[in-house]
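Both complexes below contain chain A, partnered by chain B and then by chain C.
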Partner chain A sequence: MEKKKQRIGLYICHCGGNISDYVNVEEIGKLMQKEDGVLISKDVMFTCADSNQKDMIQDIREKNLDAIVVASCSPKLHLHTFQEVAKRAGLNPSNYVQVNIREQCSWPHSDKPKDATMKAVGLIQAGVKRVAYSESLENIEVEVKSTVLVVGAGISGMRSSIELARLGYEVYLVEKESVVGGHVAELEQVFMSGQNGKKIINDLYEQVKSYSNITLFTNAVMENVSGSIGNFSVDVRIKPREEISGQKEETLTLHAGAVLVATGFDPYQPKEGEYGYGTMPSVVTLPEFNEMIRNNPGKLVHNSRQIRKVSFIYCVGNRQNKGENKYCSRHCCTSTIHTSIQIREKYKDITSFHLYRDIRTYGKQEVLFEKSSRQGDIYIRFDEKEPPQIEQQGKKTLIRVTDYLTEKRELELEADLVVLVTGMEARKDSTDISAKFKIPIGNDKFFNEIHPKLKPVETVIKGVFIGGSCQGPKNITESVQSSLAATAKINALLGSGKIQLAPIIARVNQDACTWCGKCAEVCDYDSLVKTTAANREVALVNRATCAGCGICAPVCPENAIDLAQYTDSEIESMIDGFMMEIDPGEIGKAEAAVEKEVLQMREYPQMWKNILSTLNGGKKTIPEMAEELNEKKELVTYHVMTMNRYGAVVPAGMDEDEEYYYYSIKN
Partner chain B sequence: MSKVNPYFAKEMKKLGGTEFNACFNCGTCTATCTLAEKDNAFPRKLIRYSILGLEDDIKSSIEPWLCYYCGDCSDSCPRQADPGNIVMAVRRFLITSYDWTRISGLLFRSLAAYIVAFSLLLLGIIGAYTADIFTKEEWVHYGHYFEMIAIGSVFLVILLPNIIRMWYFTVARKKVKFNIKVYFRELKTLFIHMFSQKRALECDDSKENRTWWLEHLLLVIGYLSLLFTTVFLNWFATGSIFIIVMGYIFSAMIFVVTFDFMMKKFRKKTQRSTTLHYSDWFFIIWLFLMGVSAFAVRLFIDLDLLQNNFWLYLFHLTVLVQWALIIVPFGKWTHFLYRSFAMYFSAILEAPENARK
Partner chain C sequence: MSDTKSSPRILVFSTDTISDPGIDQAGQRKIHYSPSVYVISLPCSSGIKPRWIMHAFEQGFDGVFIAADGIECSYNHKCAEYTNNIIVETQQMMKDKNINPKRIRMAALCSVCAEPFVNHMENFSRILVELEN
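Right, the complex of A and B next:
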């Protein structure tokens, strides 16, 4: 254990009044000077100001401080600022502790300045005690392989592989199916470029082939995944291709510095009988309908019947208030309307009914909706409570629907084909992939990022990224955007060949450890493994994968595990510090000081006296006062606002005609 | 249960309703329309019926007749679906549905049919003239008889049954029984409206609208008066200076107002003049020709020129025959009649509870 810090610098922030109006920072500063180990204790108007940062650096160097504490705002705001101050002064940033006396004291307890001050004293004492036991920690450096494993050769995976290859990485592109391209290859025409899906995929495939540093494995399934950021090992089982005789199944072990999971989605498969699916021949899903269009060049024929009226039913298996799939699949409105426009162009004499719940052709896709309705597609809005009923009467397929746009009228329509607009679902094997890579999945079974806005392609597993629709419903553009974002993140991670990891991880005292395995059981990241040290079985922490969550520390029966920066001695000393008795004399003084401050405020400047004399027991608006005092309105406003703030004057109703407040002297 | 008919839109397109499919049901048209009421989302509901092809619901709608096409709905439509235009198309559809002979259906859907019908009548008159059946005096004499017979028979054989059909669709089918007294009491609405067109004033109080109402009213008054003057007072054969002057005034009223209407339609300045069906043009042009030719014929008579310029009378007669046999029973003329009856029927439908039985 490191030496207890004895030369601590403490800086208490006024935050311009945000803190000092309620917490008596000056008195606390004086009080803390007597604290054991504290060399400097100052109150500062703005601790984060450049000038104070310079003073701090000077203090650290001149007085040879070994730890610093700043009592100011939330660490979310300025932890990094002061860690950098420490670094610049040559102090290890781990020897810095931030105490939050603004969000935790002055703001929430502004009605009780005395209690706010007491609480601040407790928190500051805890911070000072903690920093005394702080250790100097260094970042963990890990060497990384410049190889990337891309899982899934759909449009996202292929597009990312090409970019990674261009950046010079060795890429392993692993595809479960025997062909590449995923769902995009199934589309005859994509909005908005109008290109053929298969052609897009073919072009990408040609590019993939042209890079010697991309190795594509098809018919390949992930088996065992081990290792961590910088060096993952993944066993890939490659099934023999049917068309090539004599091929044998083989398993390869691939090593990669980072992994991009782009496994995509499964289209929702309606249940037997859902809207007549599976029981009525004229009911198909949108992907099935798209295939039908691909295969019928001249006339649209289904079950040897020409299709003239198509009825689309939207949101099938999506936006289920009571069901599992509560989300909207984003792409299906656009996709359906685009299909409807395509069939009208391709087959001429064809009409579409759209039985929808809401139309979400967001962004540039809105033009499709307008085009479709202008061309005569009929839109009928239903509610989830009253879904359309489908009935087969001989050869006729009848749909009954309550139209919310026509005063909830019961409508009956005849259709030759009913197309169920099925949305996206997480892949059936997503749980399996999630278990292998330890990527968290949501209730909807899609993979979860760390933060939907700030870390949208990173997972909690360092080095494992997600891209495309395996993360949630996305259209093609959004899928490629996210996988390319992940590509850029991978490049930033692996670019230098080494990575720096934060040092806040679990540490095992191998002398005390008896290897009971409890820590390994609870670890979500598989970071604790059995090893042998001095002929004894003990636990070892994988420094690269440990997330520093601390779950292992409390389960250890031997108390052999500590979490860096949150060691037992640090936490215990914090508790001691917070519980320490505060000299009531000092608090009394502090309280008196607050009182005094208020009294000082009551010693008004000349302007205040003038304002008070014009009010003279009555009430006046600011323009009236300004006129009487022959002063500028802005100046009077400034003073009256300040007087109002300190309780010298109070608002007294409003001049309705002029729309100005009246002010009067507070008794 | 109402059956959706996706092909109805094609029908509407033939009748001049072009862009209504672009409607996305925002209801802005209803919000701007003075005819819309709490339980009656006019014209949004009508557009919805047209899109879905709910013919029965359209047939039982009275509102299209109450609309004077001020164009506010079309101006404010965020999708440029031109709701005002669809109301006009629906009116044409209603004319064809009320007509038991179904001839209006043919004429409103096909410009060729219109032209053929007009040409046949023209050829008939030319044929009769060249065949020399009548003397010039007889032509004028029988021309007058023709007018009387045509008016009587068109009204009895075509218009009256059509009004009964209209009553059946808009009132009887609603299955609300009314005391017969209501029918008599509300007759005043029919006549007040027919001779005042005052509903138009309720649409909006802009200067443009007031001018339009005045012109419209002058046209109605002028037309009805000229009809009375020529048919019952035998304007072309009368010696009464009073009747002669009246005839000049009425016919002038017609052609001055219609000329102004035509100019407005050419300039396309207002909403109601932007989208026009060919039947609208036939109506306005023939009304103009009728006013001008009647005026000219009487002038020629007064100047003693008609005997040597008999072609003028034949021209007037052709216009008259085409007007009386095509435009009046099967063309846009009927909107005058149906609108007045619509006011009457809606007054009956709005009669208080105690008037029902």
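Right, the complex of A and C next:
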């Protein structure tokens, strides 16, 4: 165990009043100087400002600080900023702790400044205690291959392969089917551009063929996957093509630095009898209807009968309150309306009835809804509790539906064809692919990203990315956007030939471990394996594959596992820090933080000094100051407002011509 | 007397990428909750050790709330099950120490669950006050 840190630097941020309007940071700064192990305690206007970062670097070097704590905003905003500060000063970034006294203190407790101040003391004490037990950790450096495995040669996989090839990577494009293109190749027209789906795919296929650094494998199924980020090893079984005689099945082992999974989706297949599907000949799914349109150039004919009335029933197999598919498939409303416009243009004498629950033609797709309405399409809204009933009476197909737009009137429609608007489902083989690459899947069986907003194409498996609709329902544009986002992430990852992995991984105390195997049982990433040390069976962590979740730690009966940066000492000392009793009197007149006219700061930020130098005893407007400092007006405005709030400057009349206030230094 | 003294002290274990951003959002939106709520963020709720929870009770916390990821957990689809196992194990330890097992709670919170978090804190505080009476 490393020596407990005894030379800690603490920086408490005013955040221009966002914190110090409610929390008496100045008094806390003084109080914390007495804290065990704290060498420096400062309150600073903006800890993230360049000037303060420079001061911190100077402090670390001159005072030989062995750890730093910044009490400011959420670590999601500035954790990396201050880790870099530590690095630049020669301090290990793991010896840094950020304490969130803004989002989790001054803001939610702005109604109780005194209590907010007390809480901030506890949070900061916890941060100081935690950092005292911090260890100097080194990033895990891994060499990476400049080769990418792209799984799935649909539009997303092909588009990404072309971009990766352009960037100079060797690309293995693996497709399970005998042809490329996936579902896009099946579309007569795609919305919004109206292009032919097959033509789009053919054009991409020509581009794929033109790159010598793309190797396309069709009829190829992945077998074993091993290795980890930088060097995955994937066995691909290539089945012989029926049209080529004498071809034999073979298995190749491909090595890749990163993997992009773009395996797409399966269309929902209605159960037999669902809305009459499979039992009534006039009931088809939307993909089947699209195929019908492709194959009927002049007249739309089904079962030797010309189709003049088409009824679309929306949300089949999607948005099921009681079923498994609770999600909306996003593309199907627009796709259906686009199909309706397409058949009117192609076959003229045809009427469409849309039996829908909600219409979700979001964004620019709304113009299609408008166009469909103008061409005379009829929209009838039903509720999931009262779904349309289909009945076959001789050759007639009748639909009974309760229309929620006309006070629940019962309507009866006759249809030549009933089209079930089926959405997307996760591919049937998604669990198999998930098991091979260890990609987490959700209850809906689609692959899970790390975070839908912050890390939307990354998985917890380092080096494995997801793109397109294998992650969840998406239209073509969104699928390509996500796979290209993954492409950019792969390029950022593999570009330098080496990668640095965060050191937050599980560690086994092999002296305490008695190898019961429980840790390996719960680890989804096979990162814990049995090994022998000092003639005893013990657990060993694979540093490259460990996802850093810590799931293995609580199941260890010997408490022999901990997660770096989340050790017992660190967490328990934080709890101690929260609960340390503080005499409110020690904080001084805490509530006065919001009442004081002038707060004394140890030192003004550099920008304030610059602004004060421009005033030089006189008065200036904000645009004049900004021009003189060659800074943006918005930035100068922000600082001048804060300086005014803190009494560093005061308004000094108005420039009547320009209608700007003058400011001068407060005496 | 300040609220930090009169309100039950609650320790929340949140998760870095899902529930902690939801708690942050409560602050960003200036939705008020008790200042006696303290948060420790971890990668995954399945990594919470029972001994940490017991340590919190020993140090004087009145309740421990686990803001789990539930089905949104990016590490493991069994996260809720594993976290629940941790709670069950801890509750046994609590019984052995005569601590009411109702003093620990778990709920799934997402990255935009600001109001649900605040509601959970209010409800849990109420329960903890009732346990004192």
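Everything below uses one rule, namely that the second predicted complex is superposed on the first by the 390 of 667 C-alpha atoms of A that agree within 3 Å, B and C clash if a C-alpha of one lies under 4 Å from a C-alpha of the other, contacts with A are read in each partner's own complex, and residues count from 1 in each chain.
The definition used in the following text is that a contact is a pair of C-beta atoms (placed from the backbone, for glycine too) under 8 Å apart; a residue touches a chain by one contact, two chains touch by 3 or more.
If you're wondering where the values come from, they're calculated on a predicted model, not measured in any experiment.
Peer 1: With both structures fitted on chain A, tell me whether chain B or chain C touches more of chain A's residues.
Peer 2: C
Peer 1: With both complexes superposed on chain A, which partner does A:L411 reach: first (chain B), second (chain C), both or neither?
Peer 2: In the superposition, A:L411 contacts chain B only.
Peer 1: Taking the superposition on A as described, I'd like to know which of chain B and chain C A:G298 touches: first, second, both or neither.
Peer 2: A:G298: touches no partner chain.
Peer 1: Applying the document's definition of touch, where does A:I378 land relative to chain B and chain C: first, second, both, or neither?
Peer 2: It touches chain B, and chain C stays clear.
Peer 1: Applying the touch criterion given at the start, work out whether A:N448 contacts chain B, chain C, both or neither, answering first, second, both or neither.
Peer 2: A:N448: touches chain C, not chain B.
Peer 1: For A:E370, decide between first (touching chain B), second (touching chain C), both and neither.
Peer 2: So A:E370 only meets chain B here.
Peer 1: Considering only touches as defined above, state whether A:G617 meets chain B (first), chain C (second), both or neither.
Peer 2: It touches nothing on chain B or chain C.
Peer 1: Which of the residues in chain A end up touching chain C in this complex?
Peer 2: 74-76, 100, 102-112, 114-116, 118-119, 122-123, 126, 440-443, 448-455, 459-460, 504, 522, 524, 547-551, 553-555, 559, 563, 566, 568, 571-572, 574-576, 578-579, 584
Peer 1: Quick check: in the complex, which residue numbers of chain A touch chain B?
Peer 2: Within the complex, chain A touches chain B at residues 309, 351, 353, 369-370, 373-381, 400, 403, 405-407, 409-414.
Peer 1: What residues on chain C touch chain A, complex-wise?
Peer 2: Touching chain A from chain C are residues 2-4, 9, 11, 17-18, 20-21, 23-28, 30-33, 35-36, 38-44, 46-52, 55-56, 59-61, 71-77, 79, 82, 86, 89, 111.
Peer 1: Under the touch definition given earlier, write down the residues of chain B that touch chain A in their complex.
Peer 2: Chain B residues touching chain A: 1-4, 6-7, 9, 19, 21-25, 45, 48-49, 51-52, 54, 79.
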